[in-house]
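In the two complexes that follow, chain A is the common piece, with chain B as its partner first and chain C second.
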Partner chain A sequence: MAIGEEAIVRSELRWAAVSIGVVSLIMLALIYAGIVHHINPPSNIEPIDPKTLHLSGEFTEANLGTRVSAEGQVTSRIVATQFTFQPRCIVLPANQRVTLRFATPDVIHGILVTGTNVNTMIVPGYVSQVHTVFTRTGELLMPCHEYCGLGHSEMFATLRVVPASEFKPDAQGRVSCDAR
Partner chain B sequence: MSTDPLDRPWRLWASVAILSVFVFSVLFGFVLLPIIQGRGAGLDAFESICRALGLRPGSPAAPQPASEAKAQPTTRVAWSAELMQALDRPSAIGAQLAAACTACHGKDGRSVDPKLYPDLAGQSAVALYKQLNDFKSGSRLSAVMAPLAQPLSEEQIVAVSAHFAAFPVRSLPPAQMPAPSEAIERLVARGDPTRAIAACNACHGEQSGGPPEAPRLTHQGAQYLSAQLRAFKSGERRNDIYSRMRNVAAVLSDSEIEGLAGFYSTTFTY
Partner chain C sequence: MTHARRLALAHFWIGFIAFAIALVLGVWQMWVRSPLPAPFLTASTYFSSVTAHGTAMAYVLTTFTVMGFGYYVAETALARALPAPRWAWTGFWLALAGTLMAVVTIFSGRAAVLFTFYPPLIASVFYYIGLVLVVAGSWIWCVLMIVAMGQWKGANPGRPVPLAMFATVANAVMWLWTTVGVTLELLFQVIPAALGLKAQIDVGLSRTLFSWTLHAVVYFWLIPSYIAFYTMVPQAAGGRLYSDTMGRLTFVLFLIYSLPVGLHHLLMDPHQSNAFKFLQVALTALVSVPTLLTVFTIGASLEIAGRLRGGRGLFGWIGALPWERPLVLATGLAFLMLAFGGFGGLVNMSYGMNAMVHNTSWVTAHFHLIFGGTVVIMYFAIAYTLWPSLTGRAAPSLAAQRLQLWLWFIGMLVMTLPWHYLGLLGQWRRVATFNYADPIIAAWGPWVIVSLVGGLILLVSGLLFVRNLLQFAIGRASHVPAEVYATAVHPPLRVPAALNGFRLWNVLVLVLMLLAYGYPLAQFFIIDPPGALVHRVDQRR
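Showing the complex of A and B:
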């Protein structure tokens, strides 16, 4: 069976066009995510010892959750661990700059907050920090999106975004889901 | 070999295409995107390009309080490779120390009364070490175990843990095994996504790859298991690192607790 040289070239060109089309589509999706959703790589590197994470300092269990500093800066500290987030429910104010700080004592986890561009990996040995402003109030789901073991599919937390008027820190500047 | 004349223009255009994709990516990734995204973060164009190229560091982390709350850690135990290895080696010191435990936990770590005292035989040494440490530091409260654990040194805790872990588990007569209900088996093997409960076996299963200190549950007395689950649920026991076990127990119903304790006390598998 003889296929003409020209026919082969035409077929090659057709397939080349298909693959260029696929690659362009993926590139366009990346560009769209970068510009419209502001997806970008992390801008700071902050090491922390995962073996002693629970023992002293910032990520001790009693220190976790949302806290407002004397200067009014809202920071929420959250630990991702096999197979739970601690705390599991986090209160944050709407329309205000908030900082989320994540760390893990065990394996790689990841989070995304549904309906927002908050999305980061949580790697043992590092603090993952995200600054953001939540514009919608309500309960937002925050699942673990990096396979971390057999219980991965049951690992999620809830972000409760409340209007500023309902965001009431206690004497220590803490706000938790139970307190409401 | 002579080159086919058809190939030549094709190669030229392919090179041009690849080169222009490269130039576009560099321009887009290192110039255009940083400028657009930098604007949102209040950075000028030059600063954002320098950051994208790695010439300037990113925003420094906001300074964090080392420990603003006088926070009590849930436990004092921290894992290291050396400790894990030491827990793998039973020693003569361990056997000597174990004499003080036999009155309740049995000579071979098989409890004299499983209703009151947990079996230690075949339990993971890592779990035993953590519990003894927590009894000693007061992270886990027990009027019986605290005075027994307090005089033990770090080395003695390692030795006695390795000692009991080396015994085979209690053998259970197969006749005792009622068929577990489907709901209980689902919690054990699959968990419950609607309540965010991971399967018990994701952490407690053999070689599950979960937290290293998760104890073996099978062959343990049902009364002991359900008492522990209730204690986690009420917060009376709170020595589990980052609430891994309290978060699970908090949403279990009382009948599920009884069912799970019964399941683990009678099953050979898992």
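Showing the complex of A and C:
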């Protein structure tokens, strides 16, 4: 063989340096996206007891759905349960920061909203929270995307994104699909 | 036939039978999800089928192939008899009994939990015990591989362990580390729940323990492919291995970096903090380094082969390679699919960007492309390479082997490219049926049918593979099998102790695992989150 051992080692080291350089660039891009554009995963270590969440506190039936606080913050609370969402239809305003909060009384579920980056697992024992801004109006699908039992394929909800002018909270600050 | 050869054949056949059954199930599942009407469909048949498909592909095909290949390597690369063959057979029968137990439980409709079995969904205990037996069988294999290398080193003091065996033991050591996570989950959480001893489960803890196993298991499946790349492909191409040292380094890097990275499967989970998610994403980025090193070293080895065969110019050596040899062809196709799959994986692991694709068909596409395109296609090629020495007969037709590999490549692309696209459109995973009356979903229909065609091509290829192996029975007898292992350009005379064993690297793995998983696991005992009630899937309503 014509190639000397040293030449081989040198070429391998050069390539290793290139590889590590490429990997470092990718990491820098991720750090940049995380810090500057706030592109972070939905971490939220906020325990909640799945066995009692329907009895008291923020996820009782009366509290579910979209609500606008006195300061104008829009929050939707949604329970994912075998094999439906409560409520099954959610109204949200376009072009405004909204917060989605999920909890489950039974098994693992997960959601995504088609055509957006909204995505989270819903794990019994924790509240999952996603902040987002919907830029397009219309009806979006929000299916359960984690296997949760035999009825899993039929488990989905609808997000109705409306222009700010049509987003009209009632006296308690609630907005629901049937009210319209 | 020697013990190791009989062992290898027995293991390969169990793996390949499981593979063929899983292929049929996979095609039926794609048919069900398409707009075309499919037979036998109920929620229970569909999710039992998905469970069987995942279990057979991920646990049975892989574990048996890794074990069978390891026994072959231990005997041929070390050129000495296998230690304690009786124990090897014990491992085989344990794993086979476990496989049958799991499969019977699934097909009786009592284990529709998918192969990831996320609690608090709980199946019949026999499904989990079956899996534990498969793992127990593989642990015997791990110990035998480590002992075989130790005995060889004792008899050959100071000499470098042959690369194929060094890599096999790297995989055995990694597998022992890998299975700790899932074993803790099964023994302390899932099996007690399945036996009715526990009514509640800490789901965050079980998901974190499973994630410990979930990434490294992929490298357990993949390492036989890399062993073939380094130690067999240069020989099949008519060349030399460019660098033996780089090979050792690559397998050491796999051992170190495939373990402390599993949290990238939990990026969308609420119960892990962004700090640890980010730390493990950074370590995940590093796991691409050994693959990049491999692409270079194998590329250079093939270039040597091409030039020895008269190839000239910058790219002329590529055309001069013996593409008619199945192992060389499989390597070329695997590298192409690895390039596609690697790009997809980059998006998955990208911390924030993961939200775009998590639990969509993009992910399904990614792991089928990596698994089918790099793992399984090389299992085919390994089988084709070893079969002459295992059966004592020559292949009756290399053309049939090449056709099979091409069909696999084409089928993989036809199936997974539409899946990637559908994933970006938001098509979600793990459902039996879609409501094609919905206008958004109706637009997906044609692409789902294209991917089904890809699945059918894969099924044809898989069955042709089994036929090609059976055809060896009519091949002419060949009692002097060709040398399968490549020599390096500069065969190592001595290597540093660090690249001839794993003691140092085990310490490093321990440190990294404490760093990466110490707090993410300990936090559940500190915050003591409320448990979730067990939900059984094996009770008839």
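FYI, the second predicted complex is superposed on the first by the 139 of 180 C-alpha atoms of A that agree within 3 Å, B and C clash if a C-alpha of one lies under 4 Å from a C-alpha of the other, contacts with A are read in each partner's own complex, and residues count from 1 in each chain.
In the analysis below, a residue touches a chain if its C-beta (ideal position, glycine included) is under 8 Å from a C-beta of that chain, and two chains touch if they have at least 3 such contacts.
Quick caveat: nothing in here was measured; it's all calculated off a predicted structure.
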Comparison of chain B and chain C by chain A residues contacted: C
Contacts of A:V79 with chain B and chain C, given as first, second, both or neither: first
First, second, both or neither for A:W15, with chain B first and chain C second: second
Touching partner for A:G115 - first (chain B), second (chain C), both, neither: second
Partner chain in contact with A:I35 - chain B first, chain C second, else both or neither: first
Touched partner set for A:H145, first chain B, second chain C, both or neither: second
Partner chain(s) touched by A:V127 [first = chain B, second = chain C, both, neither]: both
Partner chain in contact with A:E166 - chain B first, chain C second, else both or neither: neither
First (chain B), second (chain C), both or neither touched by A:G57: first
Overlapping contact positions on chain A, where the chain C interface meets the chain B interface: 5, 9, 20, 34, 40, 42-46, 51, 82, 106, 127, 129, 149-151, 153
Touch list for chain A against partner chain C, complex: 1, 3, 5, 8-9, 11-12, 15-16, 19-20, 22-23, 26-27, 30, 33-34, 37, 39-51, 82, 106-108, 110, 112-115, 117-129, 141, 143-153
Complex contacts: residues of chain C adjacent to chain A: 43-44, 47, 112-114, 118, 120-121, 202-204, 207, 240, 242-243, 245-246, 266-274, 277-278, 281-282, 285-286, 288-289, 292-293, 296-297, 300, 304, 346, 350-356, 358-360, 425-426, 428-433, 438, 440-441, 489-490, 523, 527, 529-533, 535, 537
Residues of chain B touching chain A in the complex: 6, 17, 28, 33, 36-37, 40, 51, 57-62, 64-69, 71-76, 78-80, 191-193, 196-199, 201-203, 205, 208-211, 241-244, 247-248
Complex contacts: residues of chain A adjacent to chain B: 5, 9, 20, 31, 34-35, 38, 40, 42-46, 51-52, 54-58, 60-63, 67, 73, 75, 79, 81-84, 86, 88, 99, 101, 105-106, 127, 129, 149-151, 153-156, 172
